[in-house]
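Since the structure comes first, as structure tokens, the remarks are kept for the end.
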Amino acid sequence: MTRHDGRRPDQLREVRITRNWLDHAEGSVLVEFGRTRVLCAASFTEGVPRWLKGQGTGWVTAEYEMLPRSTNTRSDRESRKGKVGGRTHEISRLIGRSLRAVIDTKALGENTIVLDCDVLQADGGTRTASITGAWVALADAIEDARAKGLIAKDAKPLTDSVAAVSVGVVDGSPVADLDYPEDSTADTDMNVVMTGSGSFVEVQGTAEGAGAAFDRGLLDQLLDLATAACADLTQRQQASLAEPVRERA
Amino acid sequence: MTRHDGRRPDQLREVRITRNWLDHAEGSVLVEFGRTRVLCAASFTEGVPRWLKGQGTGWVTAEYEMLPRSTNTRSDRESRKGKVGGRTHEISRLIGRSLRAVIDTKALGENTIVLDCDVLQADGGTRTASITGAWVALADAIEDARAKGLIAKDAKPLTDSVAAVSVGVVDGSPVADLDYPEDSTADTDMNVVMTGSGSFVEVQGTAEGAGAAFDRGLLDQLLDLATAACADLTQRQQASLAEPVRERA
Amino acid sequence: MTRHDGRRPDQLREVRITRNWLDHAEGSVLVEFGRTRVLCAASFTEGVPRWLKGQGTGWVTAEYEMLPRSTNTRSDRESRKGKVGGRTHEISRLIGRSLRAVIDTKALGENTIVLDCDVLQADGGTRTASITGAWVALADAIEDARAKGLIAKDAKPLTDSVAAVSVGVVDGSPVADLDYPEDSTADTDMNVVMTGSGSFVEVQGTAEGAGAAFDRGLLDQLLDLATAACADLTQRQQASLAEPVRERA
Amino acid sequence: MTRHDGRRPDQLREVRITRNWLDHAEGSVLVEFGRTRVLCAASFTEGVPRWLKGQGTGWVTAEYEMLPRSTNTRSDRESRKGKVGGRTHEISRLIGRSLRAVIDTKALGENTIVLDCDVLQADGGTRTASITGAWVALADAIEDARAKGLIAKDAKPLTDSVAAVSVGVVDGSPVADLDYPEDSTADTDMNVVMTGSGSFVEVQGTAEGAGAAFDRGLLDQLLDLATAACADLTQRQQASLAEPVRERA
Amino acid sequence: MTRHDGRRPDQLREVRITRNWLDHAEGSVLVEFGRTRVLCAASFTEGVPRWLKGQGTGWVTAEYEMLPRSTNTRSDRESRKGKVGGRTHEISRLIGRSLRAVIDTKALGENTIVLDCDVLQADGGTRTASITGAWVALADAIEDARAKGLIAKDAKPLTDSVAAVSVGVVDGSPVADLDYPEDSTADTDMNVVMTGSGSFVEVQGTAEGAGAAFDRGLLDQLLDLATAACADLTQRQQASLAEPVRERA
Amino acid sequence: MTRHDGRRPDQLREVRITRNWLDHAEGSVLVEFGRTRVLCAASFTEGVPRWLKGQGTGWVTAEYEMLPRSTNTRSDRESRKGKVGGRTHEISRLIGRSLRAVIDTKALGENTIVLDCDVLQADGGTRTASITGAWVALADAIEDARAKGLIAKDAKPLTDSVAAVSVGVVDGSPVADLDYPEDSTADTDMNVVMTGSGSFVEVQGTAEGAGAAFDRGLLDQLLDLATAACADLTQRQQASLAEPVRERA
């Protein structure tokens, strides 16, 4: 089986993680999965939302949005429509939950980190790229807070890493990291979020349309593919964090 | 292991499916999973949304909402807040996708069926009860359309049934059909939608909070529980459809 | 003169008041006027809105809404439209005012009771059924608060009962408790809210369309009909409160 | 009994009806009931809303709004709040219904007249002043349309006139045309809309707060007061229409 | 060159400034530039918005809006559309900035003045009439506050006056104070706000459409026209403030 | 006089114009004025808005928005707030008007080009960078349409170029292209949009706060600075268009 861009079934697209893409944000990453390009900005602020006050715990949340011309044809802005669409809400909530799965909110103290994931260009896998990039921006924001003395020197708010990948069935074969042409023809589409240590954080599998329901055997194959792909992404996240950050001109 | 209400780990709450609960709707079901009570109304209308026109295919969609006092403490109405929340959107989309997985839209013709799932009382599992009940209301609406000649006598828009159940880990043990007290303390929470013939339509598993990520072994156990529970629910749906509908007073 | 369903001009439809229909709410009633079916939930919370704070008085308010398929053809949800319609606002305000007419807010203390009236099925008279049922739910919520020690043992926040009925001119004859077919053809439509002791709380009479204006004689006839009907409803409310509440399974 | 401004119980405030206050509108009236000042503009447009098309009938509707500083203390604009309040909707609907009670929509043809009633200064009775003034603007707009040949020479879309007044119980006595100080202390408040020929179009009586419910005798007294006051306002409307309209400088 | 209404190129339309047009507002002006008629109400309240608290400085802001039938054809209300349009926001902000240019916020103390500019009739120049009228209302509101002891006897919050005029190129000639027919055909349109002492507060020049860009020489001519016109308006503002205010009937 | 970053008063920041930054858009530019970074995407679609149909003319419009973390501290998203702020509207309208000043809409035919200007990083001058970059994206989109045969080979919809710069008074001295630290302390701030041939399209000068009004001499100096700076930007735009566009990896 050959994929339309020549990849093996289990092969990721080219992944690039550019840290410190912004000057103001406490952490920022331009993450690219092939032509998918997402700007992830981590904003650290002291204090927590009202409903958390006085409990000694922090908060991590996320907002995802697509620029109007990130896609093939222009979409209207949600700000102009006056409301945020269901898909946008759903992905924002997924990113936030995924990151909170590796955050010790006690160790974070009463601080809030917001991850803004803005899709500059979309070619499939924007939510999984967002999670993968946002975690790196989050890690940088936590180090920045530590350097500024906003959290304790020995606090360990990050308990693990998280990365995410999409897997699905294209032309009858299970493949990893679908691009837009693959995604739009896939029968089954699954997004899997895993920790660096190999546990599942989210498993979201969907059969799109009549007759696409999948059996347990296929589900197991997809989970195997996702497990391998997330392990690969975890290595790239660690490699990126190991590099010194280039100074912007 | 004993559950707080005395159920075995794999035991569903009492399930009641009352068809024809409304006089106007083409199909309607009051579905109860224990104290969770959802009113599912299927509205059949000729024609399709603009973006589908002229393609000879129909459309099935769903809207989910909770009454303000369905819960322990009153929530503000989304209509008064002027916007629909992320969770509401997410569940509405899930219900719609689940039903479309067993709909042959060509066989439906250019007709639309909207499933309104209004939660009258919430005690955990409102989305899975909604899917399970909505499918029965959908089946009734299709028979009603057939009886009125709105779809062909021999058309088979329904390719299968769907039912859904939540499974999760409570106090370290995998259990099925969590009620609210269980749901609010569960580490891992998974909603599974399956067809009557035993395939997966949706698998949505979530680890809630740090340290809750789950391994493959546990994931497999949860999928086993869900498979058995959905088979049980499928039988109850069929039994309900087999009964003559009582006439309302 | 014979009405289309065989009732006498002054005859109410079958009225059913089912208390305790919900498990969570402090008071709840499923009220039915014929096929019109409204779920009234009373939510008692300590404290008052900001503008009332520190004055030692309580607050009672109401929100009315129709489920999308309560009617013959489906209506869009107000939450999805992003705004609450004029009719919904108007009826919500009417219900709130009607209940406050029999509430001694001093005796209630700094507590708030919200009455949610959700129309599950509409067949005319939804606002009058709402008021009639909401008052019973309100009475139950006050007793519940008394039992929990949230209001004083001897406090009497309820100064009287309220009930409501629609009256109108159908085919030239004044009739009480119009159902939807009658309501939609009536020239004159009047909603009357009265206390248990026979005084008027609200009188809202409307001539629908050109030539429907009514003279004083007809107005007097309609008020007579409404007075008798409200007295009847008052008896049913008292009878319902006198019954022990059945325990839900 | 003396009213705080020296009026007799049945005495209206000084009423001024200034026609043609605007240059663009097809009909326009600045109506003053004492210090209450409302600008009523009638806009005539060919065509009707979509739901009325092709039926050969016209449409009359109204929108009421208060300027932010029409009142003693400034209120926020509804446009800035992003939603129209319940009271505004309710009054807009009342004005529209009242005018439609004297419109033969067939005779109007497929034309729409919108009445904008903007309260420039509020001192009680803004809705009744609006109705009274709007009818004169409506009459002018119809004559303007006749002059322009937009409706037939001999068409009679106006079947009668309408005027409105508030009546209520202040310090225990029934009085007509309450100003703001009276209105804010009244136990009972009733707005009555009547045709020029003395029939009722709307009767809206409200008991404000506990203990304010009113008996049939008082209701009769209030209706008597309103009948006399509306007859008086009808004369002023006719006198105003009889005057030649001054040309604006 | 003759203008369509016979004015000289540098001639203003008839300007009328009627103070105290409202009874409740701390300052109010009906300002007329020919047929353009704007009601400017100044509302003085103690306290400042949250973000200014505790700094010892006051705040002046403005809200502009057009009545639906101020224009030739009726426009929908922004309150009904649920959002405020770009033009409305832009002009509101311009008026606020213009007034703040002559306010010493320290001398004002922690008080807020809101200027509501509601266009009753529009015939070009509504924003410049608003600024010119609003300044007079602002001056009156400050004197009113001084008289009530809300600001110190010797405080001088007003450092200067402001007035505004539109200038533009009509049929190739630069003219001042464009009315609607001129404005709608002008190539270049410039709004200029100046202080009483002759300095610029705002200069907003716009070339409307292709080929309308203007050169420096023309820009200089327009600025000369505006300077003379603003000086003229300044005199009228001072003359108006010098008059005793007529008592309203 | 030395500027905080060592620039001469008339010196622009480093300007970079990167064409073709996106794969999908018909034209796209990442424009940088120092640390200010704006992504400008031009979307060409056949057809025009309804109000322009059938007139044989095209339409060019723009939408501007800032990413939440483009600024020093995070701002809430306008999509989440449910409304677009006044400043966003104002700048969107400015960009659209500026571009239309050099568009021959007849030559464009019935086609629409939307320019999305999303600020990725803000350090002053975001609106002027947007205009300068958007024009280049617009030029590319027009060439793309020509290449695809969507507009005629010899049509010349672009009549000129436009560029924009901010000028202002910082520490008493007029300077060009203010960065954020300069902008936030400037007394006077002026945005000037000019055509490539040296005419003015927009002049927007504002005195911020009391005492900042500026005299004619200063205004002249600022206009001189802007004229020189726009000429410089025009050269850079032309140089950028002259370069072959690098192929993206």
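We just call them A, B, C, D, E and F in the order they show up, numbering each chain from 1.
The criterion applied here is as follows: contacts are C-beta pairs under 8 Å (C-beta built on N, C-alpha and C of every residue); 3 or more make two chains touch, one makes a residue touch a chain.
Fair warning: this is a prediction, and the values are worked out from it, not measured in the lab.
*Asks:* Applying the touch definition from the top, give me the chains sitting in contact with each of chain C and chain E.
*Replies:* Touching chain C as well as chain E, we find D.
*Asks:* If you fit chain D onto chain E using the CA atoms, what's the rotation angle, as a multiple of 5 degrees?
*Replies:* The best-fit rotation has an angle of 180 degrees.
*Asks:* Among the chains, which one keeps its Cα centre farthest from the Cα centre of chain C?
*Replies:* Centroid comparison gives F as the farthest chain from chain C.
*Asks:* How many angstrom lie between the centres of chain D and chain F, each centre taken as the mean Cα position?
*Replies:* Computed value for the inter-centroid distance: 51 Å.
*Asks:* Give, as an integer number of Å, the spacing between the C-alpha centres of chain F and chain E.
*Replies:* About 29 Å, centre to centre.
*Asks:* On a C-alpha centroid basis, what's the spacing between chain B and chain E, in Å?
*Replies:* That gives a centre separation of 59 Å.
*Asks:* Residue numbers in chain F touching 2 or more other chains?
*Replies:* 82-84
*Asks:* Given the touch rule defined above, the chains close into a ring; going from chain E first to chain F, what order do they follow?
*Replies:* Beginning with chain E, then chain F, the ring reads E, F, A, B, C, D.
*Asks:* Along chain E, where are the residues that touch chain F in the complex?
*Replies:* Contact set of chain E toward chain F: 83-87, 89-90, 92-93, 97, 100-105, 159-160, 190, 194-195, 197-216, 219, 223, 227.
*Asks:* Can you check the complex and tell me which residues of chain B touch chain C?
*Replies:* 22-25, 28, 35, 39, 41, 43, 45, 63, 65, 67-74, 77-80, 82-84, 88, 114, 116, 118, 120-121, 123
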